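Two complexes follow with chain A in common, the first pairing it with chain B and the second with chain C.
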Partner chain A sequence: MSGRRLQWWFVGPALALLVLFNVFPLLFNVVLSFTNAELVGAEREFVGGANYARVFSDPRFAEAIRRTAAFVALAVSIELALGFTLALSIRREFRGKALLLTALLVPMMLSPAVIGLFWNLILNGNYGILNQILGALGLPEPQWLTDRDWKFTSVLLIDVWMWTPFMMLISLAGLNSIPATLYEAAQVDRASAWTVFRRITLPLCAPLLGLAVLLRATDALKQFDLVMATTGPNDKSTETLSTLLYQVVFRDGKLALGSAYACLVLVLVIAVATAFTRYLEGLNRRPA
Partner chain B sequence: MQLLRGLFLLVYGLLATLPLCWMALSSLKSRDDTISPYARFVPSLVQEAARSVGAPLGSAAAVSTFTPTVAAYGALSSVHAGAQGSFWSYLRSSVLIGVLSTAASVLLGTCCAYGFSRYRIPGAKDWLFFVLSTRFMPPLAVVVPVLMMYRELSLTGTALGLILLYTVFNLSLAVWLMKGFLDEIPRAYEEAAEVDGYSRLHAFVHIILPQARTGMAVTAVFCLISAWNEYGFAMTLNSSANTTVPAYFAGLQGNIDGMPWPQIAAGGLLFVTPIVLFTVLVRKHLLRGMTFGTIKQ
Partner chain C sequence: MSTPLLELRAVTRRYGAREALSRVDLDLHEGEILVVLGPTGAGKTTLLRVICGLEAPDGGSLALGGRDLAGVGPAERDVALVFQNFSLYPDWTVRRNLEFPLRAPARTGGRALAESEIRERVERAAATLRIEALLDRPARRLSGGEMQRVAIGRAIVRKPRLFLMDEPLSNLDAKLREALRVELAVLVRSLGVPMIYVTHDQGEALSMADRIAVLVDGRIQQVGTPREIYDRPCSPLVACQLGQPRINLFEARVEAERLLSGAGTSLCPAPGHAPGPVRLGVRAEHLRVVDPGPDAAVVELVEQAGPEQLLVAHWAGQRVHVLVDRSREFHVGERIGLAVEEDRAVLWPSP
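What follows is the complex of A and B.
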């Protein structure tokens, strides 16, 4: 078999599957969004832009976008700040470092749906261990999962617990890539700790931190599992884009309306994904 | 400064690990002990042991003890309200779906990555970024068309449907990770094989694949974990007992008899233990796996 033919045998099957399961649903979503299809029953007819008219007149959609954006911004920045601080603290060699590092990294590998459900026990307002600890310390004990003002914070809290290790991991890679000679030169110049941090540590870590932020942001944008596990769908104070989609399609059975929502969400996601891949290309071109 | 750093690490280390420890303790309790408004964290065995060596016990210690029991693990075999089968039947599905989809992803992903690594594929860069971008799709935004497609093909409610979906979902990860690993294997291997008269395919199967063993193992672990943890598709495409454990736990929410906390803790612990072991196993490759091979170290 000639090389030209063989190369397509290598890459073909995987690419075909990806196109079938990604491009096709995308197009089908668009078609469905102009119909009145429901979850139950096979009948559907063309209704024009009626679904889109409903989506745009529905304050719930705008609300979900705002809340998801707030969630992404807050989660990513808290995780970045905490993760970077952790990386700076754990940077130096000490006994038991490998063990501690592994222990710290475990949460990000766990299933958000399962662990999120268990967090309900930890956060329970009446018998949860967290409030018992807060009470013993003389701090206020909020009703994490039932108080409207705290539900969003609870989801955020669990997300921070899960994903701070990820930020720490990438920050450590950034810190480790800084050549020691730079720090030695700074020492010769008697630069202050703050100057060293601002002029060497931070700028040299920045490209990798940017990558971490983008990876985490695209993931947080999909937030579904934790919300479902804590407050469930259809909760006004925690509704994200994904749980809104779930509610519309699977609880209300409005398939076509869900497709219209999904199309708009996908435009958003594709925009973020494009930003991400552009950034990655720029990073790869950078001389190592 | 040094002290502050140590303290910060200590406090964060405790916060990071305590939820899992609490899960382990809760799995050994009775339901009443899990929802006691006074945390019970000392198994009575410890108290007995302390008493036998004559250690003084305050009244606080007496309140905070509980009698450990493995009843919760036994209760995992019974079928709860809201579930279609016992925990074990869901776990079996999880293993089946996880293992088969991982094998398929790694196989297809390795071949695809090899093509991109060794041949000049037209538009290679665009294809690779397309592959990566499929990972950003929120499952809930593509689930409707997939559901319709599956209804046509009678794949809803089957393990095969989820295996297929997870295979595709993990392909992006497998292709990008494997490309990184394959790029590190010198071309000289295949060139030497071709000089010796072997075909390209023979060189791939008998020389490159054995060289890429570590990479494939690491890729497999990451694919397995993401299939193991996936929830959006598992709960929407499949409401039968053929679905994975995360969907089982979702079914327990809003239980009329109250949440069966000890069973949730026991099942959760059994469910995450393999992940913790795998994390330890691939700890040197975590960075690579979590960033799709874009950072190598």
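What follows is the complex of A and C.
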């Protein structure tokens, strides 16, 4: 067998799977978005850009974009700040560090559905442990998961709880990669703690932190499972792009309209991710 | 002699059960360049770290300018340390890196320097080290040699009381190393700031030092001028640290005022020595080629070393190095006679 044909035998299976499960559905989704297909029923006709026109005139879509953007921005920045601070405070060796690290990593390892369920128990307005504590302290007891003003915050809180360890872990890796002699040189040079942080710690961690932010941001853009497990879809205060999509396609049965939503979300995610990777490459291109 | 600027008395530093430094005594005088020479793992870096305050000794005392250094942090000691691996602030330009030690004290409550003074000092240091062209380049974009110059520059802008240099040239290629070590010695002498320079490179030690301290296994073996240490090493261990090629060592014995090798070869006369076992050290240039006698040596290798040639020969039951001039040609397998210049040879009591 010639080398060229052999190459195809190696690449072929993966390529076939990729086309079958990624490329084809993607293209099919684009085609669907120009029809009037419904989830149930075989009839479909070409309707041109009608679905897109509907999407753009739909305040619900704009609202979901705004909410998702707010969610991404808030979740990622809080997680970054908390995770980095945690990493800074536990970077020194101390007794029980391994145990603490393992404990801190548990939330990240759990399934979001499980997390959603037990946070439901914690945050439940009537018998949840959080409100029992707040009540015992004489503090107000908000209806975390049913009050319109608190739902979004609750989902955000759960996401922060779940993903802060991830940020911490990456930050810790970044901190550990900084050579100790840089700190010692600064000490001999009589540098202040702030200068050391600003000029050594932060810039040397930045590329890795950037990567963590990118991963978290693209993931948070797709926020679905936590919302599903707490407030459910079709909730005005917590509807993200993904749950809106779910509602439109699987609850309302509007397959074509959902496809149009999906195409737009895809474009959005790609745009954000590309902008970010460009920025990251810029950071990394500075030779070490 | 005047009181030393820096005094170390019985300084000990342990890592777990291992003693990285044991009872180190060392003095450094104003304007002096002291080179600490020793093999890898001898405790050289630990010594510098203890002196500059990055590590506290487990025993003994240090005094700088008469002031006891116990409990005095690195920032207050006013010493400059150049690390082996440069340690520049990577995202700063060379200029900011050089300015930093001048600006830092003001932030921690020290005396602030005038902007013009800072600029002048940075530019003078840059000119001295010939890095003016690099001043606006970020440190991470420098080559190794450039980084090391900047690192040295960062030490000299400050006019500290003491320079500490930890093998600053060891990461550079041989040519640059030789050029920089000369520059560095001239520069430090012109500044008049005393320096402790740590190296495992005997060439650096011999070319720069006023005095050399030989450190092996955490112990100071001998302190003296390069000449003293080269000519009168206090032990075979010290003798082996200096000299290229290595000194020839013989396990010998004195019999009837003659030195005999273990194999019974007569090495040289030893008038006035009591009979018994001794150790003999003879540098390669202190072996003379003579007419072959009964105890002839056999040439195993001839190395051309520029102005001289180095013979590797088998003699008195072991391999010896002989440095001879180029006037005569030698061949492998040739039988030659060797004679020790007995007034240059060093005798130590056998352990």
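One rule holds for everything that comes next: the second predicted complex is superposed on the first by the 263 of 288 C-alpha atoms of A that agree within 3 Å, B and C clash if a C-alpha of one lies under 4 Å from a C-alpha of the other, contacts with A are read in each partner's own complex, and residues count from 1 in each chain.
Keep this in mind: a contact is a pair of C-beta atoms (placed from the backbone, for glycine too) under 8 Å apart; a residue touches a chain by one contact, two chains touch by 3 or more.
This structure is a prediction, so every number in the text was calculated from the model and none was measured.
J.: Should A:169 be classified as contacting the first partner (chain B), the second (chain C), both, or neither?
T.: first
J.: A:262 in the overlay: touching chain B, chain C, both, or neither? Say first, second, both or neither.
T.: first
J.: Would you check which partner chain A:26 touches, where first means chain B only, second means chain C only, and both and neither mean what they say?
T.: The answer is first: A:26 touches chain B but not chain C.
J.: See if chain A has more residues touched by chain B or by chain C, and give me that chain.
T.: B
J.: Please indicate which partner A:145 is in contact with in the superposed arrangement: first for chain B, second for chain C, both, or neither.
T.: neither
J.: Counting only touches as set out at the top, which of chain B and chain C does A:127 meet: first, second, both, neither?
T.: A:127: touches chain B, not chain C.
J.: Determine, under the contact definition given at the top, whether A:276 touches first (chain B), second (chain C), both, or neither.
T.: A:276: touches chain B, not chain C.
J.: Please work out whether A:156 is in contact with chain B alone, chain C alone, both, or neither, and reply first, second, both or neither.
T.: In the superposition, A:156 touches no partner, neither chain B nor chain C.
J.: Which part of chain B faces chain A closely enough to touch in the complex?
T.: Touching chain A: residues 5, 8-9, 12-13, 15-17, 19-20, 22-23, 26, 34-39, 108-109, 111-112, 114-116, 119, 121, 125, 127, 129-146, 148-149, 165, 167-168, 171-172, 175, 200-201, 225, 228-229, 231-232, 235-236, 245-246, 249-250, 252-254, 259, 261, 264-265, 268, 271-272, 275-276, 278-280, 283, 286-287, 290-291, 294-295, 297 of chain B.
J.: Taking the complex as given, what residues does chain A use to touch chain B?
T.: Result: residues 1, 3, 6-11, 13-15, 17-18, 20-22, 24-26, 28-29, 32, 82, 85-86, 89-90, 98, 100-115, 117-122, 124, 126-127, 129, 132, 161, 165-166, 169-170, 173, 176, 208, 211-212, 215, 218, 221-222, 224-225, 228-229, 232, 241-243, 245-246, 249-250, 255, 258-259, 262, 265-266, 269-270, 272-274, 276-277, 280-281, 283-284 of chain A touch chain B.
J.: Give the list of chain A residues in touch with chain C in this complex.
T.: Contact set of chain A toward chain C: 179, 181-182, 184-192, 195, 199-200, 203-204, 286-288.
J.: Under the touch definition given earlier, write down the residues of chain C that touch chain A in their complex.
T.: Chain C reaches chain A through residues 49, 52-54, 73-75, 79-81, 83, 85, 87-92, 100-101, 104-105, 107-108, 110, 138, 140-141, 154.
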